[in-house]
Amino acid sequence: MKAEETILRLKEAFPDIGDDLKSPSPLRVFTPFLEPKRFEEVLIYAKDKLNYYRGLHIVGTDEGENLGFTYLVSNADGVILAIREIVPKSNPHIRSMSDIYPAMLMHERELVDLFGAEIEGLPEGPSYPLPDGWPKGQYPMRKEWNPKYFNKMTMTYEPPEEKATDTATAANDNKDNAAKTAADEKSTAGGGASK
Amino acid sequence: METVLSIIKILFFPGLLFLLVAAMLAEYIDRKACAHMQNRIGPPWYQPLADVLKLLGKKTIIPKNAGKALFRALPSVSFAAVATAFLSIPVWGSHAVVEFEGDIVVILYLLTIPTVCLFLAGWDSHDVYASMGSFRTLTQMFAYEVPLFMVLLTPALIAGTWSVSGILLYYSENPLYTLINIPAFIIALIISQGKLERPPFDAPEAETEIVGGALVEYSGRYLAIFRMAADSELIVVVSLLAALFLPFITGIAWIDFILYIVKILALILILAVLKASMARIRMDQMLHFCWWVLTPIAAVEIIVILIVNGGIAL
Amino acid sequence: MSEGLTIPIGPQHPSLKEPVSFLITLDGEVVKKAVIELGYNHRGLEKACESRTYIQDLYIIERVCGICSHAHSYAYCRCVEELAGLQTPRRAEYIRGIVGELERLHSHLLWLGVAGHEIGFDTLFMYTWRDRERVLDLLAEIGGNRVNYGINTIGGVRRDLDENICQHILDVMDGLEEQIKYYAELANTEATLIARLAGIGILTRDDVIKYGAVGPVARAAGIMDDVRIVEPYGVFTEIKVNGVTDDHADVYGRTVVRIKEMLESIRLIRLMVKEMPDGPISVRAPRRIPTGEIIIRVEAPRGEDVHYLRSNGTDKPDRVRVRAPSEANWHGMKHMLEGFHFADVPIIIAAIDPCYSCTDRAIMLRSDKGDTVTDWESLRRTGIERYKKMGIDPSKIRMRTSGV
């Protein structure tokens, strides 16, 4: 099944998201950011009806106030379908897809450690990939987490102060930070965030 | 005078000192030959000695919950058994230092002691890798003992004597009978790799699985003695094979000694080729190989010998 | 032993070249249960990439893995180039192709050696690593270094191949082909080798699909997933690759696939050297990359390497995500181990050609003392002085220069 057919079938099944499907190159299809429930429907549809049998990867992204999780799946023709979901950072609760795609298990564990996702239905097992003594509640891949304030010897994260964090970073790299924040806002808006 | 001579024979030549020197040289030749076959340079000639001296100078660590006395005694027992077995094998001329009717059985018995010591050493170490190693050592012993004993006793059946020196003398007088023993000799060569826990039968000490097996917790001088025992075992086994299956002697003691050196060198090189040319086989494959391939061949060999023997007796 | 003996393999173990932890529960000699714990090599590379410029990131990405460094930097460069809309010169793509195939050769030779070592066949290990040295020497000649060749840059390659190097490559290929044919024959005839490799670590076609295995593991089960064929890129849009598959689905199948792939790589290298067009080797890349996101796949020696890159219009990426091939193969590992002998555990683990750095990715590039740049000559001088203090004079040792 080629990319065009995938888009057609997805449009049929999910008319509400149909217009936001993107295919930047012949073997790639991106969905917009979806809320978790809708995301699950699309993912199961892709696996059962469109025969996207291979779980490839999960990309976690920081979307400012939200967290975005992009699940990459692929099929026999080598098309990569990126199905994305978005959840607020304050309540990053999603359901595990590792029962549908066993290959996603390790990547989901990575989301837990690095982004602080709360994943329901994740089987018991060792955490991955952060070390055992890693401080609770510190999620290094979130943009606000700055490795400058992490003490490797004591394994503690000590930002100067709640407010000072922003100013310190801003002073340090004023221009870039501003650009980044702007881009964050843009991509969140452009991606068609739920909520 | 007789006593002094015996003591010299036992302690120096062809006893303990000769065994130690030969063991180290054997290890060197084995390693060097292997290295050449594997495109490496290999160690210098003094490497085995240097290894032993280094180990003797190292601190010895004994695991907390190991039986201390047993842990210390095992290496010496192992080495003593091997050294004792060597005394009954002819080296200088056609007579061994200690020979009596039935000494081949004693040699075989003494040669099992190092294996049992290895098992106990692993068991006593209270370590998962060591335990795995000792289980495998024991399993391997059950696999190779039967065919090994069968093939080592075939020469004795024809010769009609249970003394190594006696067998040597018999065959030197009737050299044609050695031809019958060739299948047994080949089996003995293969199986002695198992006896010596060398590749391809080195599963009990496979370092990529169980990190060296039973001796994982050993260090310092105890490890040095275990290593000496293992090297000496190589010499004892090849000497025994040389005496039983290559019984060509002239009767002149020093020429026989040179012949003996040539024979064991050739055997060590053959064992080195076996070591370098094969992958390590699994425990279950080893059992299958010993019980379903080697043992039947050895049994057929014995039956043939008994028939031939009957023919000779008639 | 009926309750089972639990044996730890790792984090430090002679059969593992990098830290990872396996807890193997045994029933006799048979593996009943395997628990795999990864993450010992997590270095935070992806986070490090976000605070550096695109060209700095190139050098971080190259260090994701010590073996398939070219595949990772190639994938990353393609991401940036496509986002910036750059058209790389044809000659650059050919050079990338040649280095990529040389990398495949050295990686597979390395694997064959490691596999030999894991099953106690050290002679094979010594032979293949000797041959691998010749490939590494070639790579050092091309890129200046044995593993992280640094040949890729955004918009092309950094070094050109001249006539001498091309001739040298062809000469080495002739010698290697002979050796690899010998290994192929060995894999067909050596009884102990076959006995140890055949029938273990089975991952059938269905399991491959279920666990998403890639590379030689998938191809040994009859699934053609070679990205060079599925989604041709760079030089492979012009030169067709003959894919290799096998139907053994076990460790032996993976060995056969890798050996055949080496022969195919040699064919490709010869063809690429012969057909390499003249022209520039790179185009100028902009500092700022326009906003966008992209997923790029490249066939690394171990399988499919997936890179995701999101740019935000600045000179630094917003998100870099690497899915190394080893990472995809870990999921089926538990399934591959259980039910086989403990003695087979090292070779089954080795059979996916695991790269733990790749899996965990991520060097906190931090220096408390401040960075100093040392050139090769002064590094050598410092070394010689240090050893002279210890009473050894290494200054007589000749330094190997490229082109020798």
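Going in written order, the chains are labelled A, B and C, and every chain counts its residues from 1.
As a working rule, contacts are C-beta pairs under 8 Å (C-beta built on N, C-alpha and C of every residue); 3 or more make two chains touch, one makes a residue touch a chain.
Bear in mind the structure is a predicted one, so any value in this text is a computation, not a measurement.
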Most distant chain from chain A, judged by the mean position of its C-alpha atoms: B
Middle chain, criterion being Cα centroid separation: C
Inter-centroid spacing, chain C versus chain B (mean Cα positions, whole Å): 44
Approximate Å spacing (C-alpha centroids) for the pair chain A, chain B: 63
Centroid distance [mean C-alpha coordinates] between chain C and chain A, Å: 27
Chain C-touching residues of chain A, taken from the complex the two chains share: 24, 27-28, 30, 53-57, 59-62, 70, 72, 77-78, 80, 82, 101-103, 105-106, 125-131, 140-141, 143, 147, 152, 176, 179-180, 183-184, 186-187
Footprint of chain B on chain C - complex, ascending: 5-8, 13-15, 29, 116-124, 126-127, 130, 190, 192-193, 195-196, 341-346
Footprint of chain C on chain B - complex, ascending: 37-40, 128-129, 131-132, 199-200, 202-203, 206-211, 276-285
Partner chain A, residues of chain C touching it in the complex: 35-39, 42, 44, 46-48, 50, 209-212, 227, 230-231, 291-295, 297, 306, 308, 310, 312-314, 316, 318-319, 321, 323, 327-328, 330-331, 360, 362, 364, 366
